[in-house]
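A single structure is presented below for examination.
We call the chains A, B, C and D, going by the order they appear; numbering starts again at 1 in every chain.
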Amino acid sequence: MAPSTPRLVVPVDLKKKPWEQTLPLHNRWHPGIPPVAEIKVREVFRVEMVDWTGGMIKDNDSAIDVKTIDLSSVHYLSGPIRVLDEEGNPAQPGDLLAVEICNLGPLPGDEWGFTASFDRENGGGFLTDHFPCATKAIWYFEGIFAYSPQIPGVRFPGLTHPGIVGTAPSRDLLNIWNDREREVEENGLKQLKLCEVLHSRPLANLPSTKGCHLGKIQKGTPEWEKIANEAARTIPGRENGGNCDIKNLSRGSKVYLPVFIEGANLSTGDMHFSQGDGEIAFCGAIEMSGFLELKCEIIKGGMKEYLTPMGPTPLHVNPIFEIGPVEPRFSEWLVFEGISVDESGRQHYLDASVAYKRAVLNAIDYLSKFGYSKEQMYLLLSCCPCEGRISGIVDSPNAVATLAVPTSIFDQDIRPKTKVPVGPRLVRTPDVLKCTYDGNLPITKNPSAMA
Amino acid sequence: MAPSTPRLVVPVDLKKKPWEQTLPLHNRWHPGIPPVAEIKVREVFRVEMVDWTGGMIKDNDSAIDVKTIDLSSVHYLSGPIRVLDEEGNPAQPGDLLAVEICNLGPLPGDEWGFTASFDRENGGGFLTDHFPCATKAIWYFEGIFAYSPQIPGVRFPGLTHPGIVGTAPSRDLLNIWNDREREVEENGLKQLKLCEVLHSRPLANLPSTKGCHLGKIQKGTPEWEKIANEAARTIPGRENGGNCDIKNLSRGSKVYLPVFIEGANLSTGDMHFSQGDGEIAFCGAIEMSGFLELKCEIIKGGMKEYLTPMGPTPLHVNPIFEIGPVEPRFSEWLVFEGISVDESGRQHYLDASVAYKRAVLNAIDYLSKFGYSKEQMYLLLSCCPCEGRISGIVDSPNAVATLAVPTSIFDQDIRPKTKVPVGPRLVRTPDVLKCTYDGNLPITKNPSAMA
Amino acid sequence: MAPSTPRLVVPVDLKKKPWEQTLPLHNRWHPGIPPVAEIKVREVFRVEMVDWTGGMIKDNDSAIDVKTIDLSSVHYLSGPIRVLDEEGNPAQPGDLLAVEICNLGPLPGDEWGFTASFDRENGGGFLTDHFPCATKAIWYFEGIFAYSPQIPGVRFPGLTHPGIVGTAPSRDLLNIWNDREREVEENGLKQLKLCEVLHSRPLANLPSTKGCHLGKIQKGTPEWEKIANEAARTIPGRENGGNCDIKNLSRGSKVYLPVFIEGANLSTGDMHFSQGDGEIAFCGAIEMSGFLELKCEIIKGGMKEYLTPMGPTPLHVNPIFEIGPVEPRFSEWLVFEGISVDESGRQHYLDASVAYKRAVLNAIDYLSKFGYSKEQMYLLLSCCPCEGRISGIVDSPNAVATLAVPTSIFDQDIRPKTKVPVGPRLVRTPDVLKCTYDGNLPITKNPSAMA
Amino acid sequence: MAPSTPRLVVPVDLKKKPWEQTLPLHNRWHPGIPPVAEIKVREVFRVEMVDWTGGMIKDNDSAIDVKTIDLSSVHYLSGPIRVLDEEGNPAQPGDLLAVEICNLGPLPGDEWGFTASFDRENGGGFLTDHFPCATKAIWYFEGIFAYSPQIPGVRFPGLTHPGIVGTAPSRDLLNIWNDREREVEENGLKQLKLCEVLHSRPLANLPSTKGCHLGKIQKGTPEWEKIANEAARTIPGRENGGNCDIKNLSRGSKVYLPVFIEGANLSTGDMHFSQGDGEIAFCGAIEMSGFLELKCEIIKGGMKEYLTPMGPTPLHVNPIFEIGPVEPRFSEWLVFEGISVDESGRQHYLDASVAYKRAVLNAIDYLSKFGYSKEQMYLLLSCCPCEGRISGIVDSPNAVATLAVPTSIFDQDIRPKTKVPVGPRLVRTPDVLKCTYDGNLPITKNPSAMA
């Protein structure tokens, strides 16, 4: 084996349930979830992972599994992994953990994924008020490319990345999370605008024993009960990284994560073959099982040196990312714009969420003119490598957001056509073009024409 | 003159005030503002424009001009330009106007620009609660590059674009605008969240005779009074395009604009040498005077064919854009993340504006560790070619936004450093590398080593 | 005028002949040609230039001007320009002159260019044995784009660059040039291979008073006679830079030129709107008049520090280049290969010139299947932004060269087609996709589905 | 197993010799080598391969294995693979075989490679007259990145590709090859220029039974003897593709290969983790074992439709390539130039090989100023993703070639430095920047500043 063959520190067996794995998976954030593996800085190691639902969605033509999914048990994460420095000492709170993604991909033998929108009453999505039904598309991979029988005429290279990379929170940070999310859950409706209420989506997902898996901690024990009632759900991205869904976090990228507890306790999961900015359908990437090959460095005291708390405590920080050198290259993009006026014509004040919703709706409507249903385009824009931008955020009252779609993912030209009457093309041919030599070219010695 | 030399259809003279120009400028949207020029499809024509303030901001070291600016008269636009098809018939409502940006740049002799943040009480900006003072940076151009004496150590190529390209609204569309913006202006405070009120920025900018310029319509006439009281301000982007501030709208791009009145009445202005996504400081691009070389096509009936109304009337549409083939190329980016938890630690529900604010604040704080003040970085992130993305918009309760900054615009390495102890580098040298020929190479006839 | 408005140090007037300009042009390399202008390091200055032929080729449909051109007087260069450091001292022999190309473009009012192949008996070209006739295509510019009435269906953005940037040679260097080129001119035929002789092109272009222009030195004076008989022709690129025809030397690029005489005496010319690698048709770029905006630095003693002589004297050096950040972006390329077997089937030994010739011939033949004549494609591949690569140079006996053509410059799909029988596309639709809500969505309070 | 899991059609076991594999490898081109596997169009299949030497070069610090290598047995190829259409009929002579590279990489457990230059008397290389000794560098992979203990301070992402993809020649084509290569081998010296003779490299590598492996054909049988004496060596690229060493032929690329015999008989091998244009050191890529995931289409009659013979017979054709959408992205390049004047100062006539040699020598010399030996840089430029271009091929007597090196592969800044005296940076700070609010911001209702 080559010195650079990555050591497999977290294997998964897709024939087993997430909780039956040799190194059992977990689906909550909590400092008390014990590490299942240990790595040293500078070694390249391999982590395998199940898809975020742990196999609940099947490769078939029915979306009934999506409609009836139990969302209390997502996302299944691999880890935690305890990180040691070169002397074998664990990373310390206050350090910064640099995680390089050396390689990643689907698990061999499992080269497929799914994109789905949830039912309005069970999960929903960014456009659940427009697309209230559960839908599903299956994607098959041909190396770097994906195609779907449900959305024909489309094929694109994946910008594969893990949806979730995070460190374990400290108890203090966990308390901050639970407090602020409880607040929005309990009092949120009052402050919410109508259009958001219509989503009828959960405002937050508070700790719950239902569906909870805590790795090596045995279900039903008092310790399990205690932690399950405290541990944060994995849905939102937070100070520890977590479910950031940054679609450019692919091969060669680096994540700088704050360390909150000794050993850092790195967890990862939710592998995406590809995702559009925003992951709008919620189950919106091409979700799959997969593997990561990672390399870590510890920047001692790096939290203080590089991160500035953005809130009342030193824990209110966010990770930093470096984008890698290898991404699919597209040269032509069609860009759809949205402003913060909602579908009823109502004006919102510099609301980028409303503007982005409008940009996405505009794109769906436009693309559906090329032989697709709107549901197909909702799923496609959720998972293809499209870019969602905040273009203007200061020009009261309208925020302007844009969605840029690479045109080459379609097998037809999707640009607006200027119907130029195509008559005979006027070609001007220089007279001299018609002259020809007789094929009997004399060999002249070095003519002095230019001298 | 070559057949392809663009015809100058709107000249400006920078020594004159905007309203003294031969073809006087306008700063409102209204169907009644008469065209100042006419062009035919397929001809390349040239439009010159003053900076968005019409020369109110000077090339000096004081920000007093920014602090005391009269914002009632922005933006000064060149046009309207009436668009004819090849037979000389004007574009019709319902058509789509394809405007290609063939070339653009600063006006010769005026190669400089400014970036500014307004005073909290006079204009404000995205981060006015953090940066309430008026500030200003002057940028000088060296061809495609810009540098600023106020922000040393930074130099970058511009992704030059017009902030505003738009067609004239119809009366119906104008009414829709005025109604919905009046609503937010009058009733907005009730629905606004605390953090937004703190901006103390205007919620909308309603029609006003103050500062109004209507091109060829003489100030003070009854016609002027009537139109001035109806005409929409140019601050927000809307259905007609307008102040979209899409920073990638550079050389070779195309804008597909809906046509609402006969002749389309195309206006343009607010040239930016460069801008970051969001243009966060409000006067946040590198603002300059400049020129555009444009070419138009009319797609007959294209509004109906390609745009789908996203609202109660057929007028609720948005333009489409195609990005051009020539952009500055950056291969390394540092990415800052924000989640929808505000600076007080309060949780907001999937609010991309809050998340983006946090991402920008994180970036400012981080970059200020490299020898800059936060004010300098606020201005820089407003005008350099940074990318603002909506990464996650479905993971309740946190929206995740990111801001990607190209690292090569700095003359120092701004990445977090893994302080690897640099001892003597262990180099393994193959023994044979040390062997050398004696310089007396025998000439052997075609050795059969490989045969 | 802004501090960064470039100072115009060499103007040209296109209505005058090259030798009638206020600052008369020159078309030879010689240390005795006196500077016409002086610049200081760090100032941005502007140089204007005529096209390389000084206006001999006209914008019309006849190639007779190409066929009968007097090549003894090309290329007309602007300069020399004497370069001073910040204290006003001239650059010294042994320094390295860093020349940044801040901006460049066609001269306003003259936005057109030409691509031509010369007659086999008067100039020829890389494929003159296949295309012995003079041909010409005229290109018109629409901002960054060029199109030609002679080659319809093609339009591309220019990667505009100067074909020639160089410093004046010292007397010693000039002697080296004249000696080695005389040697090849006099004795070359003996060593040449048959296929090269067939070119019947001049082997070298030795100094000649015919057509000679030496800037400020009056024609016919003894000084003029002396210099004209010594001065090197500008056709080949050499140690001083000169006619390098590096097509990526566009906006934002830097050239590091060796300084051979006091003041450096920088000259430039031969502006190309666009060129393919190799500039195969000889007059093969889109040749035009134009301007450069430049900025210089002097690296004291930089020749010794950075350049290593590759030959018997310290003067045998070559410039170094840095490519700029702004180039047209193409994502799809069709690549044609050539091996060093010539058209007669004869094997050559690792000959990259023969391999490249074959790659170009393959590309011409392939592209001519899409409605073009071979002459049209010869000219196109000479001037469009195609890339010529040396792919393999060690696999005896075949050198492998490739020519990559960006597919998007054509208005048709030029890729080989796999004729897949297009039956009805089998689309699998999940059952649940068919379910619909009745439009009467109940507003449920915060469903606990996920909790 | 997912429907898109590639079927493994040619496995290799690295513990076995190339000729001991279950499907034994071959190292010659001949129509009589029987297929070892069969595939159908549109299926994605997997081919594994040993490194080109079949394991002769080891992961250690001695170059003795390189110095004494037996080159008679390279390259070991996997295949031939017989290609069937959807009805099960084999591809026919005259068809075009489109081979898409869906994925590729090193073999799991064998993530390392080597770059070497051969001894002048045993293989040599492009610069063997400068670097006559055998040298070797070992590269270890960290996912997409490679680093070498022998060349520290360098790390780069691989543009991984197969050096060899080819179809079997027909007997007629084989005869053409053998005739023309015998001719150069026998008569070559007479026509060769001095500098090339000095290479003392074989001029061609004619068929030879020594080291010959023919897959399933038993060594020593009369059939083996016959074929071994006719079969072409794999060193040069030829009409069937073969050893093209096109470094951009990576994930997502397509090769269009002519079909010369029934079934096409596709073979592949010589996997490169990375290679520079030209592969100058001969064993110059990062050579490794690896796998390919391929998908084929047959374009019926495509040879006639798309390829034009460039020689006396219809067999004188070359493949076409399409470059894929995923390549490492570099934004900054340093470019070295060479002209066709050799190291002795002698002028060659438009010789691109000499010009490229000079460009490479210039680059080696320049880079060796940054703490490296020239041998290290010779190996590095052979395997890193540098681009070798033919910039000018018409400007008699000098061909101009360039070598562009991405600067970010080094951990130090390798650009020439303009030593600007760094005094205190003059920063102009606007007065108003100093004003601050007192932190007690009054909440004003919607100021009318802008209205």
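The rule is short, and it goes like this: a contact is a pair of C-beta atoms (placed from the backbone, for glycine too) under 8 Å apart; a residue touches a chain by one contact, two chains touch by 3 or more.
Given the structure is predicted, the values throughout are model-derived calculations rather than measurements.
Enquirer: Would you mind checking the shortest number of contact hops between chain A and chain C?
Expert: The fewest touching-chain steps linking chain A to chain C number 1.
Enquirer: When I count C-beta pairs in contact, which pair ends up with more: B-D or A-D?
Expert: B-D
Enquirer: Take the average of all CA coordinates in chain A, do the same for chain B, and state the distance between these two points in whole angstrom.
Expert: For chain A versus chain B, the centre distance works out to 27 Å.
Enquirer: Centroid from C-alpha atoms only, then distance chain A to chain D, rounded to Å. What do you get?
Expert: Spacing between the chain centres: roughly 34 Å.
Enquirer: Can you work out the whole-Å distance between the CA centroids of chain B and chain D?
Expert: 43
Enquirer: Where in chain A do residues touch two or more of the other chains?
Expert: 185, 188, 201-203, 205, 235, 325, 329-332, 408, 450
Enquirer: Can you tell me which positions in chain C touch chain A when the two form their complex?
Expert: 61-64, 66-67, 71-72, 120-123, 129, 132-138, 149-150, 152-153, 185, 188-189, 197-198, 200-203, 205-206, 208, 210, 233, 235, 329-332, 373, 375, 408, 425-433, 435-437, 441, 443-451
Enquirer: What residues on chain A touch chain B, complex-wise?
Expert: 96, 98, 125-126, 176, 180-181, 183-185, 188, 191-193, 196, 201-205, 235-239, 243-248, 256, 277-282, 284, 297-300, 302, 305-308, 310-313, 316, 318-323, 325, 331-339, 341-353, 356, 358-359, 361-362, 365-366, 369, 387-402, 404, 415-420
Enquirer: Flag every residue of chain D that touches chain A in the complex, lowest number first.
Expert: Of all residues in chain D, those touching chain A are 1-6, 44, 59, 100-104, 108-112, 140-145, 157, 251-252, 293, 295, 324-330, 396, 408.
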